[in-house]
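Consider the two complexes below, in which chain A is the common component and chain B and chain C are the respective partners.
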Partner chain A sequence: MRPILLKGHERSLNQIKYNRDGDLLFSVAKDKVLCVWFAANGERLGTYQGHQGAVWTLDVSPNTVLLATGSADNEVRLWNVKTGECVKVWDFPTAVKRVEFSPDGSRLLAVTEKRMGYLGTIVVFDICYGDGEGGDLNDQNDEPSLRITCEESKATVAGWGYLGQYIIAGHEDGSVSQYDAKEGEQLENVQAHEFDYQINDIQFSSDRTYFITASKDKTAKILSTRNLAILKSFPSDTPLNTAALTPKKDYVILGGGQAAMDVTTTSARQGKFEARFYHRIFEDEIGRVKGHFGPLNTIAVHPAGTGYASGGEDGYIRVHHFDKPYFDFMYEVEREQMRR
Partner chain B sequence: MSKVANRTDWADEDPDELPAQQILTNKDGSKTFISYRFNDDGKKVKVARRIRTTVVKEHVNPEVAERRAWPKFGVEKGHPAGPSFDTTSVGENIIFRPSVNWKAQAKEAEKTGEKGGIKDQLKDKKVKCRICSGEHFTARCPFKDTMAPVDEATGAPGDAEDDDRPQAGALGGGGASYVPPHLRKGGAGAGERMGGKYERDDLATLRVTNVSELAEEQELRDLFERFGRVIRVFLARDRESQKAKGFAFISFADRGDAARACEKMDGFGYRHLILRVEFAKRTT
Partner chain C sequence: MPAMAPSFDTLSEQDLHEEEEEIDFSDLKAQYEVRLEEGLDTFVVLDGLPIVGEDTRDKLVKYLLKKLNTVGHTSSDAVSMPFNEKKSSSEGFAIVEYETPEQAMSAVKHLHGTMLDKKHTLAVNKLTDIDRYGREGRIDEEYKPPHIEPFKEKEHLRWWLGDPNARDQFALYRGDKVGVYWNMKKDPPENVVDRPHWTQLFVQWSPHGTYLASIHPQGLQLWGGPSFSKQKQFPHPFVQLVEFSPGESYLTTWSARPVQVEEGQPVLTYEEDGKHIIVWDIVSGKPLRSFVAHEVTGQEADAAPKKKVQWPAFKWSADEKYVARMLPQQSISIYELPRMNLLDKTSVKIDGIMDFEWAPATPTREGVKQYEQLLCFWTPEIGSNPAKVGLMSVPSKEIVRTRNLFNVSDVKLHWQTQAAYVCVKVDRHSKSKKSMATNLEIFRVKEKGVPVEVVDSLKDTVINFAWEPKGDRFVLITTGEASAGAAVAPKTAVSFFAPEKVKGSGVGNFKLIRTIEKKTSNGIYWSPKGRFVVVATVHSQQSFDLDFWDLDFEGEKLESEKDLAANLQLMKSTEHYGITDVDWDPTGRYVVSSASVWTHSMENGWNIHTFSGTTLAEHPTEKFKQFIWRPRPLTLLSKEEQKQIRKNLREYSREFDEEDKYAVDIANTAVVEKRKRVLNEWLAWVRKEKELLEEERQALGIPEEGGEADRLKTAVTALDSKADAVVEEIVEEIIEETEEIIG
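What follows is the complex of A and B.
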């Protein structure tokens, strides 16, 4: 496979995401610029301007009408995907580290940082889509419909469970908790990763019944959304920044590498700046893809499972379209199953 | 009829005028376009192109198709469609083959990659004395002055190594360095040599060393003719000065004669130098 290199950011990538149809790829980095690309050929469709700080996170609504971003300038912004206009700004006392639309797109959660005397919170907004023609998008609620305060350990990442029933959050201390998405009570809390190793990423399966977490403790784990049972564990040899589940084939992709501050003191070979592919069921590592010059900060998989994109500390996005050997690979037992 | 009547004689045709393009429909549904043009030499060229049009239907999500037509915005505003070179480039091809024993394969690849290091190559080699085969340099050998170096001919361990080498290089034997075909096991002697019927029998060839610079081929021939029929005398000469280089080859017709000559002439004084005569080794 021949990757497409996207050079639209001056600084390291923070998050990339495909829209639900998989034709657009959104990216945010530390350099205040938001880009949207056509995933098929790497053409840049446009940029969204307005943020005054590093943009930590983004999400695109399921109908690809609204784009939400959270940034270090203490704002969550909503953008009109088509025109690049900012339609809404919510201000917070601290930086926003994560935003995500609920599966039906009617709600948006935002994870705020714990800093300057403020506790980390998860806030939820109800989102309106105007008249359905792209008009009146700036008619949004000013106040959140729900506010969850993380008293013990701040949340670093969060996402919606199946049907938007739960909010799942990963914490700085390596634990994962499950909240009721209506009332905001904490239902479960599991120390999924080693204590005090931050969870850096959380990504859900397409039906949101399970999710994968990537942690600084060098492992990625698959947990069930319903009861937070640890289903699978994928150990690696480097701190992980991101983990993704691939539809169509039962793989997971992990990305990580030496922490950015240690990079200058280690060689590229030791840096382990590769995307690692594991088999989701057998938990074996099945291959690696090289390319980045720095740690991988974020990985997004095409919703149809035909490719993936990775964003690195080096400021590049590499868009890969899988070729035949990827789809052909099967374990002997899988092949036997097929023959029957 | 009118066509025939209108047709002009080819001699009357305007040489600068090109006939109009013709389009013919073939039986299989394809079309043939016949056009004329002038090539670089100013000659008229007929170009026939056969084109078959097929309709490929692709189902695209209408929303996706609509988004493809969206005008660009932000920094990209007003830019034409298609990827721009300053933001989008194509990387090197990556061969990604998932495999169960991926780790073992990667390790192996790494190992072969490290072969380049001379240090690694010599890692398991030991110093061996050529005199007593001890683990020290030849120059440091305690028997240096009392014993002659172990020669290859006397069946030194070095010989065994030589025998091993062609095996390692046998076709398909993975990893080892290149071995020319004639050195591979079973390949020896199989290849035809050049020279055909004039090929010398190396078994009856003597190598004479310590020959004087002033030696002459005829003199050597006379010296060795005494033992039997000499087929060939070769005296190596310097290309420029034409002086003898100090060695020669004498080929006898009969090996018995050669053996006798070797025995008798070894140590023979010739032009103030003592000749050394031995059987020539087969060149490989």
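What follows is the complex of A and C.
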């Protein structure tokens, strides 16, 4: 499995994402630049210019028409994927740490930071797709259709549950909440991770019936979207920044490493900058992929499950295409199950 | 009562004084009340005196004084002998004041019940006692038999030895939790007990593994039995160091702060006040004797005198009959157990004494029949007198062997575990004091006249030395001079020595087997059973290697080493990043290497290896502090029985192999069963979730996946164009390569 190294960012990566077709890979980093790459060969297709601060987050609409980004310059921007023009800017009093389109692309959520007297919020916008030919995309609502304020502990990440019914948020205190996506009321809250260990990532299964969280408490957990029951737990030996679920195979990929500020005080071998593969069902670690020389900040898996990409504190993206053994690997009990 | 949660937050005053509730301390308390009555405790009352008239009064007093002054100091002015109302005759008693309460006590102790003459027996009591017990109603007239507590079955303190698989236990201290576990080899250890805040500083097993000691500001506690219940408490406030006697009958504790005995303290008496070191009797839990620590100043005269703790301050002889402490440069004080009295009531003066060590086993010198313990000591050069190493026999205090040494800068004494040899490692400087060299002077204690063999082929300084336990081979590590300012420690060399083979039963001269150069090793860890040794680099920032050596390799032997009683073979080398400690289990089957947070905070944890260096399991542990194997007591089998076992080892090992295989099979089946269950549960969950999702989708009227694209027409274009998309790729290929030489 030889990775393709994408060197387009000058600072650490914040989030990377494939579009639904899996042909494009989008990336945002602290260097304000927003890049799009061909997933197959790593060639850079282009950049989107406009943000004035580190770009924390991005998402691409299911039909690959719109691209949303959230930044430290307190803006959420909406871009025309094809032309690269910015079609909408929403301003906030604080930085935006996470954006995500609903499964049908009709809504967009944004998680805003708690700072300067403002509480953290999750806001939802209704998204319009213009004339359907790529025109009139700048015709968007100015005001959000929903606003959830996190009174207790700010949300750090959030995403949509199945059928867009719920908004699931991970909090700074290690808890996970389930909100009604229409009314915004909190339905559930569970302390999924150790208290006061922030949740750094949340990614959903393809049908969004379950999701995985990655926390600073060195574990990743799979929870049920319906009732937030903890289904699986993946302990590791390093604080985790990101966790992803792989389609096709029942694995999960975890990434993390010593926080950047701690690394300088410790030896390089202690960094633990590897992507770790665990079996989703049996919770065993089954492999590691080395390469980055800084913590892994973000991992995205190709929607078809044929490869994955990781973005690191080192400013590089590494795109991997899985080899045959990856697909062949199976536990004996799984094989038996197949034969039946 | 939170007996099982021994955190010192919860282990309150009440908990500490729990014993107080169990044992009646009223007699001791009464003793303290006496001390409170200031001034009166110098008085004693003499009873049973002859009735005398005014004329013979002085004569009687004079006679009494003669007796009274044998135990203390008093005078005729201090004797008051009341007369009856008519002033005609005395009442038959007198009150005497002594100078100190101790003298008064001594008078009660020694004079009470002695005969004055044929008719009169002297009764001497403390005035305060008379006051307390003599009053009406204070003492019950009827005799009541003392209440005897019903017998309570105690926990079996050696229960862990009965494990059917003969597993060993260990204590693990990490974070603020201490746990005791069974060693499970490859598998995660099995927990016996795990308690938060069990200790404040560290934990320590007693030498035979009976007790686990925990250290608290209030003192030391011993735990034992299957439930690790509290066995004993030793209330030495702010105790910092602990040393058990080899047979775990006694215990020495040390604290930097002198003991302050407070009123009502049930165990410590004013004897202990102001002392640093207490020697305890473990069974009774009472102090035997206490001492003020010697002030020890650092050896560097130029540096500001730095206080160093001399520890162990008290060194025990192998049979616990004696314990000795050195007053540096002056003397050794030897105390006899169990009374802790100074042997012959005097310390042994040894001018300039630097260090001493007891023989770790009761020695058997040829031609010496009577009982003895040996201790080895050394003195440096004083004036024109040479440095000396001596062997002293105790209790006779006779010096049985001495050896003079010259140009000595330092000496270290290394006894072999069976007291067969003592190796005196002598660091010598050249005349100019510029270069250093090391000599080994090996005293063959068991041989007639204690001959000394000198091994002096070592040019470099020896930084570590270790005898093979129960054997006659040793390993040492030498190093060159450290170049000033160098970041990297100088390379070391590891040398193995063994005796030459000789005819008959004797042990030949010690000869070098092999030296391994260019190492970084600094630690030598012999298997407790001998033969195997681990040489490791510990506390280093650059190297972390462990070498596992076999000294009786059952294979081909080098021709050059055929005359030596050893066949040296490196079995395996391994690494453990950040290693700080190496510990053999008491049976010599496993080795644990560990990296403690006490030294550094990088990758703390412990790894377990077999004796031959195969790593069985790695246990990275957050805030790992301490790993200690539980020691085992001495074997109860006779020599013959042990021999028999060794002979039939092959049969036993076959049995064990089968057991192991069986255990593995069971474990594998269990794992497979568990996986099956987990897989089925997961698949069932996914299936159910899918059904629910479908129901809800239909209820909400949302089209199925893929149908979404129709709803959002925009996607159509994207999908269409994808069908005939052309991906352009530039591929560079080398068709031919030719080399031209231009010239």
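Here is the rule we use: the second predicted complex is superposed on the first by the 340 of 340 C-alpha atoms of A that agree within 3 Å, B and C clash if a C-alpha of one lies under 4 Å from a C-alpha of the other, contacts with A are read in each partner's own complex, and residues count from 1 in each chain.
Heads up, the rule we're going with is that contacts are C-beta pairs under 8 Å (C-beta built on N, C-alpha and C of every residue); 3 or more make two chains touch, one makes a residue touch a chain.
The structure displayed is predicted, hence computed values, not measured ones.
Once the complexes are laid over each other on chain A, chain B and chain C cannot both fit and instead clash. Contacts of A:Tyr331 after superposition: both chain B and chain C are touched. Once the two complexes are laid over each other on the shared chain, residue contacts for A:Thr64 go to chain B and to chain C alike.
In the superposition on chain A, A:Glu133 contacts chain C only, with no contact to chain B.
By the touch criterion defined above, A:Asn41 lies against chain B and chain C together after alignment on the C-alpha atoms of chain A.
Of the two partner chains, chain B is the only one touched by A:Gly291; chain C is not.
In the superposed model, A:Thr83 makes contact with chain B only, not with chain C.
Once the two complexes are laid over each other on the shared chain, residue contacts for A:Ile16 go to neither chain B nor chain C.
Contact with neither chain B nor chain C is seen for A:Val301 once the two complexes are overlaid on the shared chain. The single stretch of chain B with clashing C-alpha atoms against chain C, selected from 60-68, 96-104, 168-176 or 258-266, is 60-68.
In the superposition on chain A, the residues of chain A contacted by chain B and by chain C overlap at 21, 23, 38, 41, 64, 331. Chain contact summary for the complex, chain B toward chain A: residues 61, 63-64, 67-68, 70, 72-77, 81-84, 86-94, 96-100, 102-103, 106.
For chain A in complex with chain C, the touching residues are 21, 23, 38, 40-41, 62-65, 103-105, 129-130, 132-134, 162-163, 165, 207, 209-210, 224, 226, 231, 237, 266-267, 269-270, 281-282, 331-334, 337.
Listed in rising order, the residues of chain A touching chain B in the complex are 1-8, 21, 23-24, 33, 37-38, 41-49, 64, 82-84, 251, 277, 284-291, 318, 320, 322-323, 325-326, 329, 331. Across the complex, chain A is touched by residues 577, 602-603, 620, 672, 675-676, 678-679, 682-683, 685-686, 689-690, 692-693, 696-697, 700, 702, 708-709, 711-715, 717-718, 722, 727, 729 of chain C.
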